[in-house]
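Common to both upcoming complexes is subunit A, partnered first by subunit B, then by subunit C.
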Partner chain A sequence: MFEELSNGDSFIRHLDPRVKIAVVFFFSILAAVAVRMHVLLWLLSLGILIVVLARVPLPELFRRLIPVNLLIAFLWLFLPFTFAGEPMFSVGALTVTREGVLYAARISIKSNAMMLMLIALVASTPIFTLGHAMHELGVPQKIVHLFFFTYRYIHVMHREYVRLVNSMKIRGFTPGNNLHTYRTISYMVGMLLVKSFDRAQRVHNAMLCRGFEGNLYSLSTFSLNGRDVVSLILMITAVIILGVLEWKKTI
Partner chain B sequence: MEKNDLIIQLKDICFSYAGSTPVLNGLNLKLCKGNRYGLMGPNGSGKTTLFHIIMGLLKPTSGEIEIYNNPARIENDFRKVRKKIGLLFQDADDQLFSPTVLEDVAFGPLNLGKSQEEAVEIAFDTLKFLGLSGFESRITYKLSGGEKKLVSLATVLAMQPEVLLLDEPTSGLDDKTKEILKGVLTDLDLSYILISHEIDFLTDITDAIYAMENGTIHFDKEIHVHQHVHAHPHGAYEHQHD
Partner chain C sequence: MHISEGVLSPTVLLGGAVLAAAGVAAGMKDLDQKEIPSMGILSAAFFVASLMHVPVGPVSAHLILNGLVGLILGWKAFPVILVGASLQALLFQFGGITTLGVNTLNMALPAVMCHYAFRWGLKPQTSRPAFIFATFASGFGAAMIAGIMVGFSLYLTGEAFLPAAKLVVAAHLPVMLIEGGLTAACALFLRKVRPELLEGFYAP
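The block that comes next holds the complex of A and B.
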């Protein structure tokens, strides 16, 4: 699922994951609150630069950008027409406003900049390293556990789902717009939920049998080296400069 | 039989899942040091339930459990039990939850209070013992069925238990993995109870095979199977004695 991306060797891959998480965190906050167009464009360029440095294969990159941009496409359908402001041109009874277009453009740039950074992060860091790094950074243990278990069992759930779908297929099930289809699909979803619940119970039992008392231990240790520190300083400085650009009235 | 050698003793255990007929009904069981029992019985005869009762995952409706001559009743008692008795689950996916093999095998020792270095060392040794050296950084969900089963066994053995409860360890395994499993269990100096439907497998690595039926184990009806199975053309089942 994620690993196919993390095989490539890159400079970013060898950075301390804690540095990566911190940078993505501050970058995302700035991208979320910034409104000035030139700041947003800088953020987008930074995102593109990082993705290039992380050597994410292009087809994979686009595949991952599709979902978020589908959502944005819907925004473009409505925002330019519904936002009050200076009219640009009219299509029939609908008027496109300058503010509406700018607003939609801002959202597009923001989300893509953030997505690029996140893709670079996930693509260059194995998921479990990410979890341990989150723990090291003081993220509550429960969230880290949730993260691990989701990752570990999403595959098992998916396999169970495929099994159910196959067993439906081999008995000649073809989905259509009828009650039989809806009933079958609801059975399948229900079965999947029940199975997940049972699975959770069994996993917990298995953990109890091995002396689980609420603590998960991490075996990985991280150490910052010179390269990590320099990268962290560079990136944080870039984010701060852009932040200053955003909040200074005139530069 | 010395009193000190008694590890597991179950007296008159009854158990039923809410709203259904009893699964275990007046079950008695004694396991002493060095005993290697095989357990057979039809599906739903309560074999897995029995294991879960011994581990304290299910609480019996009535009856007594004694482990090393100490009664085990509440969760706290069973915490100690789980340090001595290892349970190998039927489905390896239930047992392996960590991202990597090394983390999963080290999980038990860490829970037992071992330091990180000790836990990693134990994990490496256990994997080596099972012929799984080099698996340390493999991703658990990407292992094959047989590999998953052996790694699950490693996670249990890493806790250095004195007794193993093995719940259908051979189901879904190919002959080669079965042989590995057989070798490992023979080499280990452990007591165990092994649930299986494969009588050949049981005869090879257990001292006595008992049948489970109607919620109890029939110790009076030990299934005797001749060890030299191949000398008899009609196969193992022809030579049961009452």
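The block that comes next holds the complex of A and C.
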């Protein structure tokens, strides 16, 4: 149900996940604070380049960009009208301002640039590897544990959900707009929680039986090779140059 | 409802991240390793709830379930919601890296507030109507405060966001009712079937 993006081999897939996380982190911070249009356009171009290098399949890419752009579209309904500034043209009683349109455009570019980078990261790294990399980068062990358990339990809950729905169907449950339906569905949600809690307990007991002491072990060890270092330096340099462009008074 | 990357001003993002980090630290303070699997279940439930959309005119709000999480976990709701929100960002691009702090704060702080306001309702000696009231109010209130905080984050970014912010709060109204009903129904079921789940976490 929640399949990770798995795509073919790419150069980015083989990079050290710690490098990828660091680059996306600094890139996102710069994009969040940048306001100059040409810097933002450069960031967007960089994002597009990385997504192309990561070989994210196009239909998948667009499907993932939809939720972000829905909110952006919602803001476009308001910002051009509510932002004070030089009027461009009027629609009835409402006036579209130049500043408003520019502001909305900046938000759209920023948002999409950051999302492209995030998608490239997720598409080229399995979730469990990301978890181990976060641990290596200093995220507290308990948070990483919670992250792993949660990811695992999303699948467990989905399987329990399918079982419950099937058993309801077998007993001839047909949903309608009545109290019986609401009660049944809320009991199902409650039962889902109870069953998942029980399974969580069993999983944890099984882990304790196998000597789990709260330590994380990864089958793959991370090591920085030449390619990682070069990519890291290149990307960080690009981010720094754009940062300088952003803060320089005159270009 | 999540705020996307690139919308909020750096000040709001930083403020949200600092406050969320403080909340997570408070939640982690006396967190025992053996509580993590059960917290993972609630975190997964929180994640799945965000996939259930309630269409409201132009925007689509989704269930948050932070009332239930907060009621059961208190301050531990912060790490649970942080993890849930980061998985949402990674798997579905609901929010991203820079908005993680604000989004966590907007959903987890109402959860903690409802925990302190309504945890009396979870005591075993509470009568059934009072129990239903407390759990409904917790789900309703947590969704309401979350909606207001999302609107407020937008407003702090710029005055121009005010109409959009108002609409966001209004859009949460049906969500509040559904959240309240769902939280009450789930809690009632748990009280009947597995009361220790409600009391096990209950910190005096």
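Assume the second predicted complex is superposed on the first by the 221 of 251 C-alpha atoms of A that agree within 3 Å, B and C clash if a C-alpha of one lies under 4 Å from a C-alpha of the other, contacts with A are read in each partner's own complex, and residues count from 1 in each chain.
Keep in mind that, in the parts below, a contact is a pair of C-beta atoms (placed from the backbone, for glycine too) under 8 Å apart; a residue touches a chain by one contact, two chains touch by 3 or more.
Predicted model, so just to flag it, every value in this text is computed and none were measured.
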Original post:
Between subunit B (first) and subunit C (second), which, if any, makes contact with A:229: first, second, both or neither?
Top reply: neither
**OP:** Considering only the touch criterion stated at the top, classify A:111 as touching first (subunit B), second (subunit C), both, or neither.
**Re:** second
**OP:** Have a look and say if subunit B or subunit C is in touch with more residues of subunit A.
**Re:** C
Original post:
A:71 contacts which: subunit B (first), subunit C (second), both, neither?
Top reply: second
Original post:
Which holds for A:41: it touches subunit B only (first), subunit C only (second), both, or neither?
Top reply: neither
Original post:
Of the two partner chains, subunit B (first) and subunit C (second), which one does A:211 touch, if any: first, second, both, or neither?
Top reply: first
Original post:
For A:244, is the partner it touches subunit B (first), subunit C (second), both, or none of the two (neither)?
Top reply: neither
Original post:
Which partner does A:203 contact after superposing on A: first (subunit B), second (subunit C), both, neither?
Top reply: both
**OP:** Check whether A:187 is in contact with subunit B, with subunit C, with both or with neither, and answer first, second, both or neither.
**Re:** second
Original post:
Given the touch rule stated above, what does A:127 touch, subunit B (first), subunit C (second), both, or neither?
Top reply: both
Subject >> Where subunit A meets both subunit C and subunit B, residue numbers >> reply: 127, 149, 151-153, 156, 203
Original post:
For subunit A, which residues are in contact with subunit C within the complex?
Top reply: 2, 4, 24-25, 28-29, 31-33, 64-65, 67-68, 70-72, 74-75, 77-79, 82-84, 100, 103, 107-115, 118-119, 122, 127, 130, 140, 142-143, 145-147, 149-154, 156-158, 182-183, 186-187, 189-194, 196-197, 200-201, 203-204, 214
Subject >> Residues of subunit A defined as touching subunit B within the complex >> reply: 3, 126-128, 131, 148-149, 151-153, 155-156, 199, 202-203, 205-213, 215-217, 219
Original post:
Can you list the residues on subunit B that touch subunit A in the complex?
Top reply: 52, 55, 57, 79, 82-83, 86-87, 89, 91, 93-95, 97-100, 102-103, 106-108, 110-112, 116, 119-120, 139-141, 155-156, 159
**OP:** Show which residues of subunit C lie in contact with subunit A when the two form their complex.
**Re:** 3-8, 10, 13, 24, 28, 31, 33-34, 36-41, 43-45, 47-48, 58-60, 79-80, 82-84, 86-87, 89-94, 96-98, 158-164, 181-182, 185-186, 188-190, 193-194, 197
